[in-house]
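In what follows, structures are represented as structure tokens.
Here subunit A shows up in two complexes: once beside subunit B, once beside subunit C.
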Partner chain A sequence: MALRPNPLLAQLLAASAGLVSSAAVPAEPVAADRSISYRHGDYDEDALAQAPLDGSDRRYRVRTEQFRLLTPAGEGASLSVDLTHEVMSGSSPWFSVPDANGQPLQVMSGASIHDRRSELGVGYQRALAGDREFTVSASYSAEDDYHATAVGLEWSRPLSAAIELGLGASFSHDRIDPTDAAEFGRIAQATKNTWSASAGLSFILDRSSLLQAGLQLTRSSGFLSDPYKRFFAGDRVLNEARPDQRLQGSLLLRYRRALIERDAALHLDGRYSIDNWGVHSHTVEAHWYQTLAEDWRVIPGFRYYTQSESSFYAPFASVGELGRYYSSDYRLATGGGVSASLDLRRQFGAWDWVIGLERHRATDALGFGSGNDPGRVSYTQIQAGFDFRFD
Partner chain B sequence: MSVEQSGAEIWRRDFVSMGCPCSIQIEVQARERAEAAFDAAIAELDRLERKYSHYRDDSLLAQWCAAAGSGEALEVDAESADLLDLASLLHEQSGGAFDISAGALARLWAGPRETLPNPAEIAQAMATGGWQHLIWQRPWLRLQQAGMRLDLGSLVKEYAADRAAAICREQGLLHGIVELGGDLSVIGPHANGAPWRAGVRHPRLPAALAAIELLEGGLATSGDYERGLLLDGKRYGHIVDPRTGWPVTGFASVSVLAPNCLVAGAAATLAMLLGVDAGAAYLRELGLPHLTVSADGRIGGTVAWVDPDPPRL
Partner chain C sequence: MLNNAPIWRWTLGLCAACMLGACATTPVQPWERGRLARWDMQLDPDPMRTALKEHTRFSKEASSGRIGAAGGGCGCN
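Up next is the complex of A and B:
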């Protein structure tokens, strides 16, 4: 309802706002609006805390351009198209060696990596009879040495007035053709397949809060090692070797609460994951959405992450210790981190401008004992962009 | 109470609440979801009726009134405090014409009766009211005049309609409309995005005065025809000016369309109280779409939502 703003009406609406507000937890209907979104992202990893033994200390930097088009596609249906282009540069941890005290020293990849990745994703969401809803999606991602094709299906239906069931399944087929394979004795070509299934329940708790609980199972098989990671074993440097199967289970909890009087909302997210490689991890996230005057929104956030190391992780090994599988990838090591973020949004008519900053700091693991992998990463991420809705 | 299915997927329940015929319509495939929402919305209406009825001795309102004149300050819950804040604002915006402390007066005129109250009865009812005897400093309420009766009737029905609509939305039902005795609160437009059509009845004729299309918000009508007394061809409505002790006479009805039913009802009641000239000026200043019928049958207001050919007296 377009109303001429005037103090008398503003007073009345303000006085009624505490009593009648439509700011209760909104059910998310199939979007019927046509909109485009653009985001520019800049992800920049800190240099290593300790200078590497060899290689560049300039770590990864990824600049991302993302476009999204969302458009109605017939009665109760919408279509989304996502285009992503990334430019990656910098070097990454290669392997680590023991120093005089037996502590690991990082060796970085020698040459700086320059790579580009492009991805096209398409999604189709449709409302069905009985408030059921399904989404099908497909994506293709290509870079010099990596190609990934994925398809997904999601379906939801209400079980009662306050409970909704959601089910999902996805499959991805990835092909890797490592560069300089012959020179470094890397595998010439390999593939991996990933299946994932999920189930979740959403509970409307009261007029302003919502709880979602979900389970996800993921099974990966094929070549699961990183062909660019090496492993130091006494007198030899080997290509790392991981099992060719991984089974992962996750429990997710999401809580949403609208604080109508404060014109704010609280989002809490928790995730616990466990896999048959021996890695278990916790993530806890909190975001506060605060609406300020003049269509400003400020969103401070906090994330805490911690994980235990996989059963075959070691920074290095002696020949005698070498098992069937071994990796010194910091992503399989005990470790953790905390992130703080701040997003700012401003709406101008049909335009919604967004700018955000996130700072992540790797820490010795909190909760799962201490880790000391020298490759653990702290980073800064900046994101800026806009959403535009067509009338 | 009856439940019937009207149209392909529109479920409807008719019932009586707050002394009025009411209905809720919900457009959804699964009947059990609509039924669950009807039950939850009606439970909310029952709660509000129990809390704010001025006909019930066990209502919260009755408890407050029982403490009137005792000097006791009552600590008021947040919902009631919001209603009292709104009532204070309306008192201010109306220059004193809107006055919830005049409950005894409202009761005197609304009660079933066949003769006019005599001047002594009116004077006695007026003596128990008076905004200056109602001390409201959130969350503390003090009713200083013994016998004072608060009347939130002009806010609670519209508020209840909005709450019933909100309950439905909270259950994920986004298409429907709530009607409480002619006041409407939209849950959301039809599933295909089309507006709900509602009729505003003519205060004097058994016919619709206008057909309104509602996508959102609320529509409320305040009129002298709902309850009241017809004596010697003169109509005495239930909306009483606390400053004179007599029912207002300027408008026969005022309908207002607003972002919610509560504001629509408050604006309509204020315009009724202010009378034809000041009431129309208030509605114009508010900028809300409205339709008025004066006691002498003249139709006024913003014409955009009036049927091109309304019935004439």
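Up next is the complex of A and C:
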């Protein structure tokens, strides 16, 4: 059985009775019920495999509180309000230096990072004539040293009884005011702008399966370096320098199959991304949604991610080797990771209780050569909370 | 940048998927879509879980992206 009443099911049943026209692909229905949701998240990074040369080995820990209100907003429309608050602490990779054998040794920041981030997001979704639908959204995120304002628009319409076209666009303006800028020679203030556009086609393959294929383009400009990352250049330590333009493209596939005889559903997701910094990546993800008893659901999942390094990444440089752009950020290095997750859901009347665990282990990249950046990270993430529906 | 094999393989896969989807001509009537309307058949059954995981990955990996409007940034990448 469905774990919660699905508003789309009611819509489709109404469609079968001829009350509304036949919608195409069931994707993200306009909410028919009010609901409030809460999640607590706990993200904890492992210590470095090798003790850092300097700085703390206590890596990042993030506590996250998420709240969501979803409510109808007139006929065929719904409003969502999302609040997120995070508390971050720990240390972060700063730069690396060569050891006696030329292998990189990590230098970490002190464990003095304490930051908070709050984000407010609002979305308005409306169904239009002809089974078209649009969503407008806006969000604002604030940290001590970082502010981001974003707006987005999504629109979809059926092309036939079995095919739906979806388009999306968004814009984000971010401003950074690094702490201790004068002490460490960091930029005092900087901005960046990010434009993104996406297009997707969703197909009903048969009574039990859906497929979505799409692409996304993202263009970033402005200050794209991390002002807290340093780079060892043989005889000096510099602030990292990245290009001030980045263009990313992603191809995406999502497949959903209902296995009624097993009371289960299979989710498969794939993504290939490429950018003009030289990074390309593969992502493959699978989840199995299994209903165990009437009100229980267990969801095991697996994810593999692998990426190549950017054209200006190096763990360090020798004297005279420095190019125009340089970064030793492990996130731009060759590498990858495998994640295993397990989520449990239990329904009690109008309540859905949720708990989930994910374990991510950093690995070598597959197909992109081996990488050995000392900063790469493994982590454990837990999320728990509830959804509550009411009139 | 574009002369590498993976992007062509993925592009080919994407086109093949679209052709497969477009050729799935057996019409599914509205009253036959009960399975597709299940909660576990939505493209994103738990948006809050997805938001948390996407935020984590955005801050730890070089690539990010999904179908739809992207959200705002943070100081983590």
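The criterion applied here is as follows: the second predicted complex is superposed on the first by the 360 of 391 C-alpha atoms of A that agree within 3 Å, B and C clash if a C-alpha of one lies under 4 Å from a C-alpha of the other, contacts with A are read in each partner's own complex, and residues count from 1 in each chain.
Convention: contacts are C-beta pairs under 8 Å (C-beta built on N, C-alpha and C of every residue); 3 or more make two chains touch, one makes a residue touch a chain.
Just so we're clear, the structure is a prediction, and the values are computed from it rather than from any experiment.
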Contacts of A:A162 with subunit B and subunit C, given as first, second, both or neither: both
Greater subunit A contact set [subunit C / subunit B]: C
Which superposed partner A:R117 touches (first subunit B, second subunit C, both, neither): second
Which superposed partner A:I204 touches (first subunit B, second subunit C, both, neither): both
Which superposed partner A:A129 touches (first subunit B, second subunit C, both, neither): first
Intersection of subunit A interface sets (partners subunit B, subunit C): 3-4, 6, 8-9, 12-13, 15-16, 22, 26-27, 161-162, 204, 206-207
Residues of subunit A that touch subunit B when the two form their complex: 1, 3-4, 6, 8-9, 11-13, 15-16, 18-22, 24-27, 29, 32, 75, 129-131, 158, 160-162, 164, 204, 206-207
For the subunit C and subunit A complex, residues of the former touching the latter: 1-2, 4, 6-7, 10-11, 13-14, 17-18, 20-22, 24, 26-49, 51-53, 56-57, 60-75, 77
Of all residues in subunit A, those that touch subunit C in their complex: 2-4, 6, 8-9, 12-13, 15-16, 22-23, 26-28, 37, 39, 41, 43, 64, 66, 68, 82, 84, 115, 117, 119, 121, 135, 137, 139-141, 143, 145-146, 148-150, 152-154, 161-163, 166, 168-170, 172, 174, 176, 192, 194, 196, 198-208, 210-216, 218, 226, 248, 250-254, 256, 258, 260, 264-265, 270-283, 289, 291, 297, 305, 307, 310, 331-332, 343, 354, 356, 358, 367, 377, 379, 381, 383, 385
Subunit B residues touching subunit A - in the complex, by the definition given at the top: 28-30, 32-33, 36-37, 40, 78-79, 82-83, 85-86, 89, 93, 159, 162-163, 166-167, 169-174, 192-193, 215-217, 257-263, 266-267, 282, 285-288
